[in-house]
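Heads up, there are several structures right after this.
Both of the next two complexes hold subunit A, though its partner changes from subunit B to subunit C.
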Partner chain A sequence: MDWVTFGYLAVDGLAVGSVYALTALGLTLVYGLLRVLHVAHAGVYAVGAYGGWLAYSATEHLGFALAAGALAATLFGLFLEWWFYRPLAGKPPLIPLIGSIGLFLATGDLLRILFGPYQQSLPALEPRPVLFLGAVGVTAPQVAVLLGTALLLLGVYGVTARTRLGLAWRALAQDLEVASALGIHPPRHTALAFALASALAGVAGVLIGVYYNQVYPTMGDVPAYKALAVVVLGGLGSVWGTVAAGVLLGLVESLALAFLGNAFPPEGVAFLALIVVLLVRPQGLFGR
Partner chain B sequence: MYAVTVLTLLLLFAILALSLNLITGVAGQVTLGHAAFFGVGAYTLAYLTTEAGVGFGPALAASVLAAGVVGLALGAVSLRLREDFLAIATIGVNFVAVAAFLYLPYFGGAFGISDIPRPAGPLGFFGLVLLAFAFTAWLHERVRASDLGLALLALRESEAAAAALGVDVRRFKVTAFALGCALAGLAGGLYASYIRVIHPEDFGFPLSVTLLAMVAVGGMGTLWGPIAGAVLLGGFAQAFAFVQNYQLFLYGLLLALTMRYRPQGLLGRRP
Partner chain C sequence: MRQVFMALAVLLGVALAQAPVKVGVLAPLSGFAAADGRSALTGIELAVEEINAQGGLLGRPVELVVYDDQADPKQAVNFARRLVELDKVAFVIGASYSGASLAAAPVVNEAGIPFIAAYAVAPDITRDKPYVFRMGLLGTVQGRVGAELAHELGAKRVAILTIQNDFGRALEAGFRERAQVLGLEIVYRDTYPLGNKNFTPILARLRAARPEVLYASAYFSEAANLVRQVRSLGMEVRVIGQEGYDSPKFIELAGDAAEGVLITTTLDRDSTDPAVQRFLEAYRERAGIPADMVGASGYAAMQVMALAAQRAGGLDGEALREALAQLEEVETVVGHVFYWTEDGDPVKTATVQEVREGRFRRFMKFDRIEVLKP
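Up next, the complex of A and B:
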């Protein structure tokens, strides 16, 4: 393989991987606070994509699409937290996990019922090279995805590392009872974490919709288990581990597809890697 | 005849739900990859009876053995993983199994294996499946009532406390895992012979979720819970054929509503 091909594959892998990271980051945030695997997060992502598609169809403006996607996802995420996860706090983790899978299935199918089973087009950016790194052309959607992800990740880092809210989250994740005794109100903070996680998933949904120029009801299926794999690979609850694992998975998949062709399904590659990593490091790559 | 077909499939679901209940309900190990072992059993019988000319009886025994051995290996490996990690890693088992069925040269690729011999007519085969179901239920109850079952219940409540009382955590967990997988292999062999044609994607993640849902909606850790769950969710497709367009939506909603308002399942005891 020559360097130019490698460069194209690497840029594609980086773009897809950064969206994995964006989706998985929300899962990590929720897991850190609630200790549940929020499978329906992938449904929130699809809802965000549809919100963005509706807004784009009405306004033809990418900014409005991103804002509407984030808003739709946030409202849906907050509803799930309030109606489903909050009352089940303290139950064995299997119970919210199974219900969450049910919510995920219902969400995807509801989108199909409401908007039809077909792929909708979200042509906000033309896949035209706008930037050249040597001989490697980077397209407008790729720039949007990479730039958008980088800005959001910096924002999340700022919130979790530098604000009182982030401090409260970390305290809650460490020890719920001590944190509550010190005056942190868990339901409010959990809801805020859900809002941020869902907004991130919504933006990720719109960005992926723009990247592939398609929005469809089952678009959450692949992120559903891939984000889980990323979260575990990164070590549950580790923010930087999640980001690194997401980008890594995107790169590995992009290159594996080029080297192995369609001989082996990419899902198989992702999970084979996951199983191997877990055997060597049961706490994940970056977990403690 | 239609009724016999539905009943046979429901009984096979019930065997699968009970076998998963041994692992998840009784021993507390959440697995989202149970369909893979059903697939190992199905493919073992299909390959042996169509390609290797082995008779139905020995092939079915081989199905049980193959799924049990794979389960034993995986159970031993999975001991290293925490609860949530186990659930996610076992999702991967589905993808790896489906990929293996697709790409190993003996298994017919995407076309699967067809013309699998069936040793009896539909009614006779129904009797055979009923027998297998009775055996599974009996074994399930034996395990629950034995020292093994009591130890597993103790493990589910508190692994640390059980270990402190001298329960061999490793051995019991692996035994439950392997036993559950072997029974899934039994169901798989019977299924392949009954339905006569199998495809790789019959044994993927969606089926694993369905099986876990049967156990959870019915009531984990009980005998009648998983059976009721299998009948309810297995019969769901038949019963709700008139709302086919909304089937998956209703199914997902049913799961969420059950967990939200009756987390112990329909027949489970309040924890």
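Up next, the complex of A and C:
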């Protein structure tokens, strides 16, 4: 394989991987605090994409689309937290998990009923090379995805590692009872973490909508299980592990497809990697 | 007293004459194929409206019994059974994909009720089932037309990218068969799964093989991503697709990248046939978007069944089957059907459409029977 082909693969893998990271990051935050695998997170992602699509249709402005996507996803996520997860707090983890799968399926069909089954177009950026690294062209959607993800990841790192809010979240994740005794109000913080996680999913939804120029009801189907694989791969609850696992998965998928062809479906790469990593490091790549 | 009896008899007669003709429809209205299911159903509904406005079928209004099979074979079988056992439909239109149609067709066939697959391409749907017919062009036939087109364009080096299902396999088989006859060199070949979004890894390798034409099977949402990513890699290759691309949504989603893409299909937007233009307009008015091949095939399937029922003069399954088998030289919105083969597959014209200025326009008409025969 020549260097140009490899370059194209690397850029593509990085861009796709960073969106995996963005989608899975919210899931990690929710898991860290609530200890539930929030499958409906992929539904929140689809709702965000639709919010972005509606805003873009009205304004033709990518910035508004991203903001609207984040807002729609945040509101929907908060609604789920308040109406669904909160009443189930303290129940065995299987109960919210199964309910969450149902919620996810219902969200896809709700979007279909509201907006129709057709793919909607979100043509904010043309897929033309705008930047050349040697002979390798990088397209505007790739730049947007890479830049957007990098900024958001830094933001999330800032919040979780450098603020009192992040400290409170880490305390809650470590020991809920002691943290409450020290004056941290769990419901408020859970809601806040949910809001942040959902906003990230919403932005990821809009970015993917722009990247492929498609927004559709079942767009959460693949992220629903792939994000789970990324979260487990990275070590449940580990922010950096999730980011590394997401980016790595994007790269490996891209290269695996190019080298191995479609001998097995590319969607299988995540789970193959998951099996291998769990055999060697049961706690995940960055888990402790 | 006698007058009262007369009046009652007339009323009863009218009521009997107006008992609706029930027509079964299996279409994927939710799930991954929901967009195609919606289009096909819209086409069928338009045809039914027209038939009812003209006094109905054999003097009786047509009523649709629609089930959402989600393009899932299991559901299609259950609903097919329901249609023939509980709903007692006169005939069934299979407005679903190959998998679901393959599952539903035998059930309907065994009940002695005619079934017409509107756009499913798998050859086996009609095999050894006397009551099962097809409206769409077989995948293998369309593949052959694709190879003819590549030859017509003067290409020697071609790449093939195949979607991993019956549709893709049938297209590739037809393309290869004809490519060999025409002396085309296949310089690259790969497959991808349904629903694939990211073609860049495959295309990056394909790029190195330097083909002049890329023959790629896909449905419109994959196709849109495919041609966008061809553009993003700066490739000059000419893309030939087929009826899976045939949707206004393909052009909308692919944007500028769709320009110059050629597809082999059956709906000719530039047809001078007034019936085609009338259909295109009626569809746009009803659906709010331009018609696609799937919608047009649903419409044509309903019309062909109605035509056969009129020829048969009744709705008896055997008579209807007989009439369908004997139809020939039928003009439909999805091509001129020369005749139906013994298997129930149509031998009909194809059209090549090119995307120009954001619309499908006719590139050439294809009517060489020796290539079009299944």
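Simple rule for what comes next: the second predicted complex is superposed on the first by the 288 of 288 C-alpha atoms of A that agree within 3 Å, B and C clash if a C-alpha of one lies under 4 Å from a C-alpha of the other, contacts with A are read in each partner's own complex, and residues count from 1 in each chain.
As a convention for this text, contacts are C-beta pairs under 8 Å (C-beta built on N, C-alpha and C of every residue); 3 or more make two chains touch, one makes a residue touch a chain.
What you see is a predicted model; the values in this text were computed from it and never measured.
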item: More subunit A residues in contact - subunit B or subunit C; value: B
item: Partner chain(s) touched by A:I101 [first = subunit B, second = subunit C, both, neither]; value: first
item: First, second, both or neither for A:L37, with subunit B first and subunit C second; value: first
item: Which superposed partner A:A58 touches (first subunit B, second subunit C, both, neither); value: neither
item: Touched partner set for A:L279, first subunit B, second subunit C, both or neither; value: first
item: Partner chain(s) touched by A:L147 [first = subunit B, second = subunit C, both, neither]; value: neither
item: Subunit B versus subunit C as contact partner of A:D2, first or second or both or neither; value: second
item: Which of subunit B and subunit C A:L182 touches, first, second, both or neither; value: neither
item: Which superposed partner A:D109 touches (first subunit B, second subunit C, both, neither); value: both
item: Subunit B versus subunit C as contact partner of A:F271, first or second or both or neither; value: first
item: Where subunit A meets both subunit C and subunit B, residue numbers; value: 109, 265, 267
item: Sites on subunit B touched by subunit A in the complex; value: 24, 30, 77, 80-85, 87-89, 91-93, 95-96, 98-99, 102-103, 205, 209, 212-213, 216, 220, 245-246, 248-256, 258-260, 263, 271
item: Footprint of subunit B on subunit A - complex, ascending; value: 31, 35, 37, 83-84, 87-88, 91-110, 113, 225, 228-229, 231-232, 236, 263-265, 267-268, 270-272, 274-275, 278-279, 282, 284
item: Contact set on subunit C toward subunit A in their complex; value: 29-32, 34-35, 37-38, 164, 190-193, 195-198, 200-202, 204-205, 207-208, 220-221, 224-225, 228-229, 231-234, 249, 252-257, 289
item: Contact set on subunit A toward subunit C in their complex; value: 1-2, 5, 8-9, 12, 16, 109, 112, 116-119, 121, 123, 126-129, 137, 139, 212-214, 216-218, 222, 253-255, 257-258, 261-262, 265-267
